[in-house]
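Chain nomenclature is as follows: A, B, C, D and E, assigned in order of appearance, with residue numbering initiated at 1 for each chain independently.
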């Protein structure tokens, strides 16, 4: 069975470290090594639509998984949501600002002339969640004009790391991994739609290993590996 | 008939027209600066298309606007010494000289590299780049290049203009031999009375 | 995933850099060289043909062709990658045709990465070559014709070598651009280790991991060294070509 | 976020495209033009100076300067943007200096977007100009000197105008590249509506929303039209310059 | 002393050496092709640096390897008619002619555009691009350009080589007037015996 080619997994870039851990553990079980390709969920979804010869898709949001599903590209009954994440407000490690996240909390005043770094709030998942949360808390209108819309969460993180933006909104997993930022507070899970990472096997897949690997990721052992990188698991 | 040329062509405001039927082996084309001598040579070479006319050299029709004949330059089998040298700057002197020689069918060649090098006195220049040549040196290489292509007729546009008397004499002797022994038709442009009187068997005038 | 060293907790940064020149890193470098090399070599004749057409051709729609060539420069690379995906993907018209007739698949293959790099490099190569072709004196081509050279031979023995500076500049620009190509590549052929994970895509991966600046720096330095090499080779070739300064004759 | 039309549910696609030419879209187009225009205009003299140094200069470290100029081509744009952030950010050494001495801030400003575009366009502009400068016959410069022209005047009256083809090609390439610039810009100055949201950045936003292809297509077409305009202008200027084919004299 | 020139210079394998002290107003430089005539003119013009030597024209030291004097070309105030034309291809004939004229201080000019145009017969060419000129037309424009710069002395490298007899006569008369009335020192290269005998007051030989 180890002769079989490993499954080709298309995964959102933010899963890079955790999924690489999982693949290593899987390979250590004398299974075929999965091939991992990390990029933006949007790019991966379009590749699947164009007939990518891939086996497994893990998206950073439900929207792009829905897109792939409506194109008839996923194998029925294989879609599952197994990871969740939290959204946090961060500041540069050296800053001493204190803010308590809550209804109408004074984010705009704290920003002053500074910018709030977050992923593109109208398009990129992390940004959409952030916008939803700030809106629910009633502070979006106050800060909307001060948002620096970054390409992705990592770019937003970099702006805060460099001190170019006094605050930023990123995933808990990103904030945890960076030593140069401090978590100011965590957004209430109820203030935004659930942050979920759906997984599904692709219709085009002919790989015999893919189901085993997918089940491994969804297993207790697999989920534990993601939890170690800061994801919450379902 | 060595040259039977009847052409006309507008160039900007100038109108160039020539009607020439010459039986002489070396026909000198004479005329003031700007009369159109180089343009006529370009038309005979196939580099400039006449607006109308007919060009026959040694019985072969190269161009005829009536019948639509227009041989491309490479099929006219000529040797052209340009007024402005036009050596290939990316080839050394030897490769400039041999450019046409390699393209000619062996039986059509009538001069060897050694012969050309000898009477042109360009032996020491063979490995040089054209940009390092003096004016007269470049002119001699250009003459050699034209002759080595094994042409059926020659077009020479002031080929000796920047050569000293001794070199001029050497080359004129060779031109005389080409004219008399090989009997190639030559269309020759020069402003030098002495040169023309000595070489030309026919003189054609162009312009006023 | 680029934490490739054999020692997970190296004693010093220096040690880490040294031990990090792992087989995996070498394979990324070799892949980048292969993709960029093939992209440039395959694009050279196409680019030169286009440059020649644009420099010397007179035909209707010339400006349109010109605009088309510039397209990959004007569009954000992601869009170019997306267009490639639509056309050359396994479900795309050209992609399907290539698979059916030649058994060639581009998606997720290094060949696809080479195609993306080639497309992105094309406008730069065409412009450089076009400039040099336009600078070739047509009188020299005329001289070659009178010496018995057909238009084709004239092209190869006169025009092409005289355009050497543009050819070299085009090759260097194209190679550098290919070495740095990211957006179109990841959009078109994703990020497959050993197939499409070139240096820029590995850099992207490294950038996703916070605090991984050393990895990014190392990869960037490697990219710069590769193109410095290409630059040096082109300078040497330029000198050999004999087309130095003042190569105008008489 | 680019669903900007006044009618949220337009009756037909055509209608949608028409109504979508909203003030917001116009402001994106104008911003792109401003950023690219300023980038190219400011880079022209710098690029020409560098091109001249590389073409005519003889100094140690020339290949290094050459490599440095090529850097933005070789590095993935994100890395270039990141380097700009480190150097020109408000906390970066150059950025702080600019703010302290000139009161200029680049971060999150259109000026920063112009800097990013300029840096990315630089290698293309330098190469094109360098090719043309190398093609200028130094003998003509010598002739100008004998007629009483100082080196500086010779440069401006002979070298510069004779290098017109390269100047134009450089400007067109640089403008096209600037119009298409995305990676370095968004990394450096992010996406601020009205300040740094140029066409490619708007395209990126549109691409992230599933099923938003019409928006992407429209923006891409606008980008192409803008650079087609630049292309046409350059062709007209090229014809005016009098440097047509066979401009070699005697 | 109009020309006091002692120079030597290696060029590839050639070694060019000249020792010339001439009091004549028009000094003809004579010598076979490749002897180094153009190179000497380039050294006097400041375009080619002698390996060693001294160049004094009409009492002004232009170059002296001993004292380190080396005036840049633009301060030597010369008029140079090149063997190969060197018209500026991006300027029309008029602007070529006026290039040096505009740069000269008004009081140093000794010829007007109209005068130059008249004796060179280039009136109809003023609005033309150099690439459309015939060989002799370009040569005449080059002569005009050099004279209009108001030079203190002239360097002429085969200035009449591709002109017809009538044009040649017109221009020679002007050169004679420049020589006799303005008394400008002229260094003149020609292979034409007639030209040299008529114009030269001194003849210098170069090479074997």
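Everything that follows uses one rule, which is that contacts are C-beta pairs under 8 Å (C-beta built on N, C-alpha and C of every residue); 3 or more make two chains touch, one makes a residue touch a chain.
The structure displayed is predicted, hence computed values, not measured ones.
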Steps needed, at minimum, to go from chain B to chain D via contacts: 2
Length of the shortest touching-chain route, chain A through to chain E: 2
Which of A-C and A-D has more C-beta pairs touching across its chains: A-C
Chain centre separation (chain A, chain D; CA means) in Å: 34
Averaged-CA centre spacing for the pair chain E and chain D, given as whole angstrom: 46
Computed distance of Cα centres, chain D from chain C, in Å: 20
Distance from chain B to chain A - Cα centre to Cα centre, in angstrom: 78
Touching two or more other chains - residues of chain C: 78, 82, 139, 204, 207, 246, 248, 250
Per-residue overlap in chain B, given as positions that touch at least 2 other chains: 84, 135
Touching two or more other chains - residues of chain A: none
Complete list of chain pairs which touch one another: A-C, A-D, B-C, B-E, C-D, D-E
Residues of chain E that touch chain B when the two form their complex: 11-13, 31-34, 36-38, 83-84, 124, 128, 132, 134-137, 139-140, 157-158, 161-168, 191-193
In the complex with chain C, residue positions of chain A that touch it: 8, 10, 13-14, 16-17, 20, 35-39, 43-44, 46-47, 49-54, 154, 157, 161, 174, 177-180
In the complex with chain D, residue positions of chain C that touch it: 63, 66-67, 70-71, 73-79, 82, 123-124, 127-128, 130-132, 134-135, 137-139, 165-166, 169, 172-173, 176-177, 179-183, 200, 203-204, 207, 216, 220, 223-224, 226-228, 231-232, 235, 245-246, 248, 250
In the complex, chain D residues that touch chain A: 1-2, 78, 82, 85-86, 89-92, 107-108, 183, 186-187, 190-192, 204-211
Sites on chain D touched by chain E in the complex: 139-140, 142-151, 153, 157-158, 161-162, 164, 241-244, 246-250
